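Following this message is one structure expressed as structure tokens.
The letters A, B, C and D name the chains in turn, as written, and every chain counts its residues from 1.
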């Protein structure tokens, strides 16, 4: 068979390891050949496709990013031609099917294409760990590791200056990175989108930490919002009506400082969390996802996605995979909250 | 309640995070007080015990090693007094029970003590990941991360000199570290105790790698033995009858060099794999084990052990936990072997 | 003798290693005793002083931050009492002299106190490497290492998304961190306060990089300003008259994007660069500074500062040390600029 | 001009950064073209030479090892043809001169070739830092960083088990790596080839450390030998007359254990110290060496070598560069020895 591979959505450590796993096993065991699709679905729509021989995936397991490039373009976008255009390009290249490595959006498109008869297999990618059909995905542990190491560094400076430090990590809808990096670094408060918390609770934890003679570290997921607080009212909007402060860390910092009297600084880790060398955990998981995906191709399990359940790689329906996001359960946050303050 | 804590057996990154998790939750939620037992069961036998206040566990989540010390002494050793002596010392300190953090040996002793009526809860610790009752334990991912980073380094030098490099990692009975570090670093052969492999297979992978213009990397678990080969016959024994070469890597190196003609070097990672700062993954898992262990104490689930199943922390019987070692299943090795050569 | 130690100004990796070097050598060789002065000059002014025995500096060489705390308070501040108050507090504690570890401001105050007869020795600390009297100071190499590692990470994501990335590093008056981190990470443009550069030059380098098929990385010191450009005019000010965007990276990003049409993102590394474990280079330099400082105390070389010249630690007059900042020479930037674009 | 480049001798982090610096500046500023010479002088002798375009050095600053390969073959070896053969191969490729990146042996050969009229420029490479003509070379700081990080890890386990740990680092003739890694990691004894030390001194430091309640860490350079001790007499030789134990760490371990009664373990870091990603310090120094070397070529300063003096890159005669090794001065060791025990 001749199989296409694309990576789509935000960058994520481990994408290259998935690609390498697919190509090495496909080449050696099934004698498939491979086509690289450039920049996600854009390459399928615009016919930007190249042959991907085994030797081009050499040494990729430890390399961050994706050699295929990525974008947020989709085949169902205005004038992009939908499944018909995808089939047309696939036929032109005699592509028997393709593997789509991406997050919720990417996999939803894959499901829709599959429903229109396009042969596709999914590999879940979400640095936020918010896909419900898999226990965990590659990239997430690397993001937690980077966030933890960063918070370890920021904390020493906070201690030297007797300051409070507010660190913003990724997590628009789910607070997994904040939860795990917060536990790992011994944070004094962890703020996530799933759990409503008031400013009084936050300043309570901050003050309790100061009272014990320590410098408070607050870890906030980007999607967290203070319960019952209109921050834009407090901080104003600019002449375009946009809130004056971008991120949640920047919003919280002056409020904490004002209410507690403790000098407070913020840091937003941003893109640092999604680049660079993946951890060994993510390299192993990504490699396993890759080899399992080509097994699924071989078994023609179109419309499915590989997933981790416990210690096993399994296949699940794409439809199931994209139905709901995986939030942090309240009891997991409660478990961590014991350590606050 | 007044609860003792001991750490026993080989050092392991995350021990301190477990201790911190136990004490913080025990102090804040249950108002327990804690006693540190020095150097594992030795402290129980020799009455080497001290109070362990909350402030002494401050900042421990990221600190390697164990503030309690460790040893391989056991209460059932010659003249150590067994359960009776343990109860005597516990009574003296009004200790209501204790938490034993350790591997197969430690937990077997805990089970035996429990069967004689001593109130004890276990926390599994095995850097080799060979305990069957838990999906994974803390310390293992750190060991894999260190091994992977080391192999990444060793490979560049092997490439510069066009050499074969044989790297020995931990794993006496189970090859998990070799398997995962080998996959993560893109090794050309992974040799584990569970899978018999001949010298011809090894040199075949080495030669195939050289033929593709690359420097072969062989990762061997310390417990691996060549199938059908009497290495001591080949390499001789010293005047004490001990094999001349200590480890498997040192044994394989001259054989590979002689049979393939490729210059070959070895490196044994040894103690490097069990010390230092734990990865964020291990800090989170160790913290969760610690807080779950004190929950189990609170529920008086004596004779049980905390364990990870999927993404959940559960309680299992100590008896179940120590019944068999968790080997690498043949299919997991086969999956990796696709990438060899 | 009884010697005080204080750390003052911004946090810097290696402060603790200096303190340890002073105390270990002073204790073992000269039998001095030590007093810790809390939070820089604030402790001298407010009499916040404690005994600092040898065992308290144990294990400090690798610990970031300062166990003494730091602040920006000075004895010559309004109502702080100046040299008279300092002498009063020193006399109360029978302090024979003190060692001030800090940057340009701290050392200027030390010089002024010395001129009024206070016995003081300086240890230079500047993460920006902008003190002219020493070849380099501790903390700087750690900052460069963190910035380099961060840029390595950010670059992979920029490549995956075909974006330009603008990274802001520390350096208000001198561009040393930008220069070295930029060279180390292979940046396509390095912007420093010392060298005027126009927006046309910046976009020229960015475009040249894109033309070669790569994702451009621009490293900018926080003190850099575009030549002949009024950025606040372009981006406007808020209702308080402050420029709408804080840092130089945020200012440059929309301009680059608009002029080149290349999607552009920014990241400000901020406090990440001054916390956490120091590199081995900085631990060695800081330890040598510490032991040399106590030698200088022993020789009663009050009014001097330790410094690195080539591979030697020497003593220089505080007056000399604080006379001018050490800028990046134009030829060093030209040397790096060869690699741009 | 058409310029050859070769890397020779043991692997060293930063070699690729030198190559990149040479090619980028040579291509952009001087419009030179480049030839890669494979595996050091072997490529010159055996005519194994290829064109090296700019795009092949892309991204090399952070990559360990050398894309040119290395070997220990020399043109003056039996039957290799000496300067005549070198000139013959250079003429065939119209090579106007070449840059030799290597250590004492490599540069001595370069000097001899130069004396016979071959146009050559040297770049010093010595991971041991033992070349007297340069303050420091690339690779050394990376080796110290790896050794320090490893010792940090080993120490935690030594503390957990109350053991003494003996760590062997590189340094056959000069103890620079041991000195700096020992200082950086807070070792309790540093043993180097330059300073004779008796077993009584070693065990004295070990015992003093134990008496203070800590786990002793002894760092030994591979070239260290105990004063007045015939270790092979003590430990015997095998049937071939070779000493039974390979390295100094393995020799010291049983002696320390026997004399002090303290459980003692050893670790030899070996090849770990010379592979992998260079530190930012080494990337900057290597890049500067590379661009300075092509400047020297442009100025036709044949027979010279680039070197670091203070913060400047200078040119020195090859003859001067290879006259004596740079030992650790006694006062530098004395300075460190203050911290022992």
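Everything that follows uses one rule, which is that a contact is a pair of C-beta atoms (placed from the backbone, for glycine too) under 8 Å apart; a residue touches a chain by one contact, two chains touch by 3 or more.
These numbers come from a predicted model, not from an experiment.
K.L.:
Give the fewest steps needed to get from subunit B to subunit D, where each step moves from one chain to a chain it touches.
P.N.:
The fewest touching-chain steps linking subunit B to subunit D number 1.
K.L.:
Which chain's C-alpha centroid is most distant from that of subunit D?
P.N.:
So the farthest one, by centre of C-alpha atoms, is A.
K.L.:
Using mean CA coordinates as chain centres, what's the gap between subunit A and subunit C in Å?
P.N.:
Roughly 34 Å separates the two chain centres.
K.L.:
Just how far, in Å, is the C-alpha centre of subunit D from the one of subunit C?
P.N.:
30
K.L.:
Quick one: subunit A and subunit D, Cα centre-to-centre, how many Å?
P.N.:
41
K.L.:
Two or more other chains touching the same residue: where does that happen in subunit B?
P.N.:
Subunit B, residues with two or more chain partners: 149, 152.
K.L.:
Taking chains as nodes and touches as edges, what kind of graph is this: line, ring, star, complete or other?
P.N.:
ring
K.L.:
Once the touch criterion is applied, which pairs of chains come out as touching?
P.N.:
A-B, A-C, B-D, C-D
K.L.:
Which of the residues in subunit A come into contact with subunit C in the complex?
P.N.:
7, 11, 13, 15, 39, 63-66, 69-71, 146, 149-150, 152-162, 165, 236, 238-239, 244, 265, 267, 270-272, 274-277
K.L.:
Spell out the residues on subunit D that touch subunit C in their complex, using ranges where they run on.
P.N.:
Checking each residue of subunit D against subunit C gives 20-21, 24-25, 28-29, 58-59, 61-62, 135-136, 141, 144-145, 147-149, 152, 180-181, 183-186, 214, 279-281, 283-284, 287-288, 291, 309-311, 335, 338-339.
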